[in-house]
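Below is one structure, written out as structure tokens, with a few remarks after it.
In order of appearance the chains are A, B, C and D, and numbering begins at 1 in each one.
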Amino acid sequence: MHLSGEFGVWIAAFLTIGITSFLYKDNPIYKFCEALFVGISAGYWFVSLYFQNLLPKLFDNLGITKMLGLGEDNGAIQNVLAGQWDERIWYVLAGILGLMMILRLFPNIGWISRWPLAVVVGSTSGLYMITYFQSNFLSQLQKTVIPLIDLGRVAALPGGSGTLDEYFAAYLGNLVLVVGTLTGLVYFYFSKEHKGAFGNAAKVGIYFLMITFGASFGYTVMSRMSLLIGRLYFLFGDWLGFVR
Amino acid sequence: MKREIPLILTAVVGLTFVVQFFIPHYPLGFMADMFSDWFSIVAACAIWLGALNLLKISLNKVYKKEKDWFFAIVTIISFLVIVIAGFFFSGGRRFQEPGTNFDWLYINVYSPLSATMFAMLAFYVASASYRAFRARNAQATILLLAAFVVMVGRTPFSDWLSNLLFMPEGWQISNLSNIIMNFFNVAGQRAIMIGISLGLISTALRIILGIERTYLGGD
Amino acid sequence: MFMPKKILLSAFFVIILPLVVWLVHGLPGQQSISYPPYDLTAISTPGDTAGSIALNWFSLDGDNQSAESFPDYRILRSGRAEGPFEEIGIVAFATPRATPNSRQYRDSAVETGNSYFYKVSCLVDGSSVESNAAGPIVPVAQTAGEKLAVIEDVILFPPTQLRAFDSPNDDGHSISIEWKISPNDVFRGAKFSGYDIHRSNVPEGPYELIGDVTGGVSDPGRGVKIFTDGNNVQDGKEYYYYVNARWDGQIAGSGVVGPVVAGQQWFHTGRGVSLILLGILIFSILFYINQAKSGKELFIRKIAGLEAVDEAVGRATEMGKKVFYVPGTQDMDNVQTIAGLTILARVAKLTAEYETRLEVPVSRSLVMVSAREVVKESYLNAGRPDYYNDDMVYYLTDDQFGYAAGVDGLVVRQKPATIFYQGAFYAESLILAETGNSIGAIQIAGTAMPAQLPFFVAACDYTLIGEELFAASAYLSREPKLLGSLKGQDIGGKLVFLSLAIIFIVMITLLQKHGISGEMIRVFEVH
Amino acid sequence: MRKIFEKLLAIDRRIIFLVIFLAVSVPIFLGIKINIKITDEVKAFYDAVSNLPSGARIMVACDFDPGSEPELQPMTESGFRYFIQNKLRFVIIGLWPQGPMQANKALAAVNEAKDEFTVENGDTLYFGTDLIVVGSDTARYGVDFINLGFQAGNELVIQRMGSSLKAAFASDLRLGRPIEDFDIMRGLNKLSDFEFIYNLSAGYPGTVEWVQFAVDRFHVPCGAGNTAVQAPQVYPYLDSGQLSGLMGGMKGAAELEKVVGHKAKATMFMVSQTAAHIFVILFIIIGNIAYFATRGETGRKGL
């Protein structure tokens, strides 16, 4: 065991333990770390958005960078003033909208932030309408349109030596996919009472959903545990140096 | 003014994206691109707003000496520290380059904090599984069984267990979990997916046509 | 009893719709032509002052490095396409290969100016396998004037079947170039280093290099390599292209294609199916919204979770405990949050009637504002405005885990009898559900976040799954716009899906043996 | 008997926390060797990548933050290592601001060069940032790989790249220079000029968006590494061929490390992972036994 000599690692270790201390009970150290986290992450976004979005996309394109003497390249404003059309001048509107968004800080004129909000909501709505239709409706429809039994796969089966997955995929796979998807949809069909055959289909559907949830529960557990492992490895490895 | 213009904006922007999908002809493509750029700039400002809002709330806390106001100070200071470091002491546009102060804060403060926050969930999952997951009925039972198969099947432990149960190679728990993931899970997810996408589409439609206005908030 | 409307509707879904869909689907692009198994090609050897002809063909199965032996390839030549062809030489198994999977032969016994046709044949277990006839080729002797390429022992064959055309379905400024790859272009072949694309405005040049691409085919289905030229292409202007293959210092150029002109299109062909189906969906949604507005009663099936709402609130009343309501952790721009608030309206109405205390901790300031309005209104409608005060709805923090921890604390301390989680949740769902469960509260959850559903399903008494959340808000609010779109989704979305799927599945299953099912599935391909 | 069960039900959660802590940490020290089975979805990813011609350009979209580092970082590293060894060039972007920095971290981790820098005709090149050395292969910033950083706007950024990369990412991350100054960007005008997309995703925006836009609209094949939380939701895309390969969580990462033949962190972590799973399952079983045994009293009307 040889402790890490890096100051940063010690800080990280302290913070890691500080957060974890909440498991025992809420305490000032946890509160401190949480407050720190909130502040740092907000600041992180603040800075990276300036340098990676506002600066290159807005200030450079418009030429504000040049006005402030921070850059040489002409922006839209310089060009337009020089009398040559530059379609980047549209970014002025983007800038104004952005400003309106920030005005929400002041309650009395906060309503103005609805304009940029409208652009945001409008774009996402327009895109969602198309993309979800294409990728989550049409493509999935296409992939549900499959023969109930896949003769190709059946033919490809290695006689006798096949694995469980191979046999299942060949004989039942498509059937499960089709039945599961369709009955699941029946369960989500609201304008008809779930009675008789329709009701039974819905029942089958809900069982498929439950298996699905089981699967994603298993995966979530997997995920959460990995994160813990990562942290512990940091503590025991990078910090305390028990493991390499 | 307060409602009309937003509604018009939403409609124009939304329709542009929809129509442009079917009609590539100028100027629709150009407009769509332009709106995309606006979007990302507005989005950036929205996140700025969030940060500034946080600052505002924290300052209020301190000013009014509310409970835990000390931690509000911590938040404010940490915010200022990383912002100043990022803007003035990390080489401007190259602020994210390995070795800068900003990068140091990211590696040694931000990463461990956010990573640990999520790592905590491991403990909650465990205690939740212990106290909350009950085979109350047929459905919950199915859920748990599927979960078991997947949890076991996705680890090397499954091979050991399968051999213990005399399951032949290729007919083991891991194979079963593959089947669950690739067929049952896919079917279920697909049904949910389609359902939700239809919901999204109709909401989007309502918003674009101005039938749905809740997002504007009442006034 | 038959209803004409029903008959029409089913007729539409079962016959007309599939037919239309089938008719409008997009068509595949042009295939590249090749002549398996040999796919013999012949060119006048580049850099040969004497003039000769080089042949290239792909080796037959079994003729590979790992094999011990393989019959000779016989090279046949003729002056005329229809023959007769006489043998002019052989390529034995031992002869070094051009590439792992192709063979070459050089015929120097030719007279420049004449034109020749070639064939390759091989005796594979008894039966002779003959190739396509390549030609006519006229051997050209390069004169000393030209820059002479060295004649390598392996000759680089150029890309062929070059096609240039205006890129379809775009707003111009782009030209697509396709070609059949050079036979020397083998996968990660050490020596083959890709293609250069050259462009000019006049056939005789000068040509400028405008891009390069790696080897290999981009569209295996059609066996072509595709390059889209987007380097300041001007619409309406004529362009000419040729493509060079680069291989170990050698360069082999295709013929020049052109002129080709870029332009923009008014409709994206291949999105016809999308347009029709989307049209139907939009139409039916709007149609039913209208119906609902005009006061027509639209049926919605019972939703288990909702039946329980009254009972859950009632239980809290009996026990004299509080009701907690969590409208998700996302902001107002999230549809689920909005749905959550609609359901809140109903719950608030009940708590008002039962005179039960309601608490709504939220994590977004905007949500707080809206939630207050919602609750206030419900209390007003229930005739109990006096029971309402703003503190029922309060803001904790925007921070995900901060919020979770906050609610945790409240729940543990105040032990509410009933907790609702309705809206969009992330990882915090688990923390919330578990704590609520641990104090034995009745929990009714609802979210459209697939990853969080399992925790709610397992840890709560009732869960609205995915779309049920939206359905519930429609069911409770009775708002025409919600009811209408729900019905619209059912008819224009799910019914379409179900009917199309079933019909095509049946057809495909039946026709599977005849191998046209693939073509049928392509109907729904997205472009 | 019932008493015991009631006690079991009332166990203090801290005890459970402790058990999990031990279950996960003890294996870290044991260093057990385990065998990992390759699933079809990871195989599919490997096939897709290994079928790319050398020199092919891959877009690596790092859409995650330190919160999911243990799952996605190993995938990122294995990916980079494989790309460099197979002469595949890659362009790094992020729809999450932290993504590109995670990518830098991964590059530094992948780099095997011992010395700090080298001088090449005048300019100093730092190993781990300008030059990445993997075995006998070297990748150079701006030539074999580049980091374009983060861009706000979620799926709209992808949409934008569909018509122009330059519009979405004006300058690179490391030097802040216009992207057209770099070799690797020559002929890369829009998304469809890439041969492949490697997406590492921890949520929104992520794989779903890449499939919906990059794959379905601009027809660039995409393989993804996902956190296990998200993986089940993208399986339908896998089945429909919209995704060419998927690594789900640490298991996926470990499988990837196996197929590319360089066992690292993920493989090592799998032991702890296994232990953790076993204990969670035990908890559920014990909990249920106790629950049913004592149902008479504590039992509550369920679903």
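Rule of thumb we're sticking to: contacts are C-beta pairs under 8 Å (C-beta built on N, C-alpha and C of every residue); 3 or more make two chains touch, one makes a residue touch a chain.
The shown structure was predicted, so the numbers you read here are calculated from the model rather than taken from an experiment.
*Asks:* Comparing chain centres built from Cα atoms against the global Cα centre, which chain wins on proximity?
*Replies:* A
*Asks:* What is the chain whose Cα centroid lies farthest from the Cα centroid of chain A?
*Replies:* C
*Asks:* How many angstrom lie between the CA centroids of chain A and chain C, rounded to a whole number?
*Replies:* About 19 Å separates the centre of chain A from that of chain C.
*Asks:* With centres defined as the mean C-alpha position, give me the chain A-chain D separation in Å.
*Replies:* 13
*Asks:* For chain B versus chain C, what separation do you get between their C-alpha means, in angstrom?
*Replies:* Using C-alpha averages as centres, the distance is 22 Å.
*Asks:* Any idea how many Å lie between the Cα centroids of chain B and chain D?
*Replies:* From the centre of chain B to the centre of chain D is 16 Å.
*Asks:* If a residue has to touch 2 or more other chains to count, which residues of chain D qualify?
*Replies:* If we look for residues of chain D contacting two or more partner chains, we find 13, 17, 20-21, 24, 40, 67-70, 98, 149, 151-153, 156, 159, 171, 173, 216, 229, 232-233, 236, 239, 249, 251, 273, 276-277, 280, 302-303.
*Asks:* Among the residues of chain A, which ones contact at least 2 other chains?
*Replies:* Only 22-23, 34, 37-38, 44-45, 48-49, 53, 57, 117, 120-121, 123, 127, 129, 132-137, 139-140, 142-144, 165, 177-178, 181, 185, 188, 209-210, 212-217, 219-222, 224-225, 227-228, 230-231 qualify.
*Asks:* Tell me, which residues of chain C touch at least two other chains?
*Replies:* 274, 281, 333, 401, 427, 430, 438, 450-451, 454-455, 457-458, 465-467, 486, 493-494, 497, 526
*Asks:* Hey, which residues of chain A end up touching chain D in the complex?
*Replies:* So the residues of chain A touching chain D come out as 23-24, 44-45, 48-49, 52-53, 56-57, 60, 123, 127, 131-132, 134-136, 139-140, 142-143, 165, 177, 212, 215-216, 219-233, 236-237, 242-243.
*Asks:* Going by the contact rule at the top, pick out the chain D residues touching chain B in the complex.
*Replies:* 9, 11, 13, 16-17, 19-21, 24, 34-37, 39-41, 65-70, 98, 100-101, 104-105, 108, 128-129, 149, 151-154, 156-157, 159-160, 163-164, 167, 171, 173-176, 232-233, 235-236, 238-239, 249, 251, 270, 273-274, 276-281, 283-284, 286-288, 291, 302-303
*Asks:* Where on chain D is chain A touching in the complex?
*Replies:* 14, 17, 20-21, 24-25, 28-29, 31, 40, 67-71, 97-98, 149-153, 155-156, 159, 170-171, 173, 211-213, 216-217, 227-229, 231-233, 236-237, 239-242, 248-251, 265, 269, 272-273, 276-277, 280
*Asks:* What residues of chain C sit close enough to touch chain B in their complex?
*Replies:* Residue list for chain C touching chain B: 169-172, 264-268, 271, 274-275, 281-282, 285-286, 289, 332-333, 335, 338, 341, 365-366, 369-370, 373, 398, 401, 427, 430-431, 433-434, 437-438, 448, 450, 454-455, 457-459, 465-467, 470, 481, 485-486, 488-489, 493-494, 497.
*Asks:* Tell me, which parts of chain B touch chain D in their complex?
*Replies:* So the residues of chain B in touch with chain D come to 29, 32-33, 36-37, 39-41, 43-44, 47, 92-94, 96-98, 103, 106-107, 110-112, 114-115, 117-118, 122-123, 125-127, 129-131, 133-137, 139-140, 144, 147-148, 151-152, 154-157, 159, 174, 178, 181-182, 185-186, 189-190, 193.
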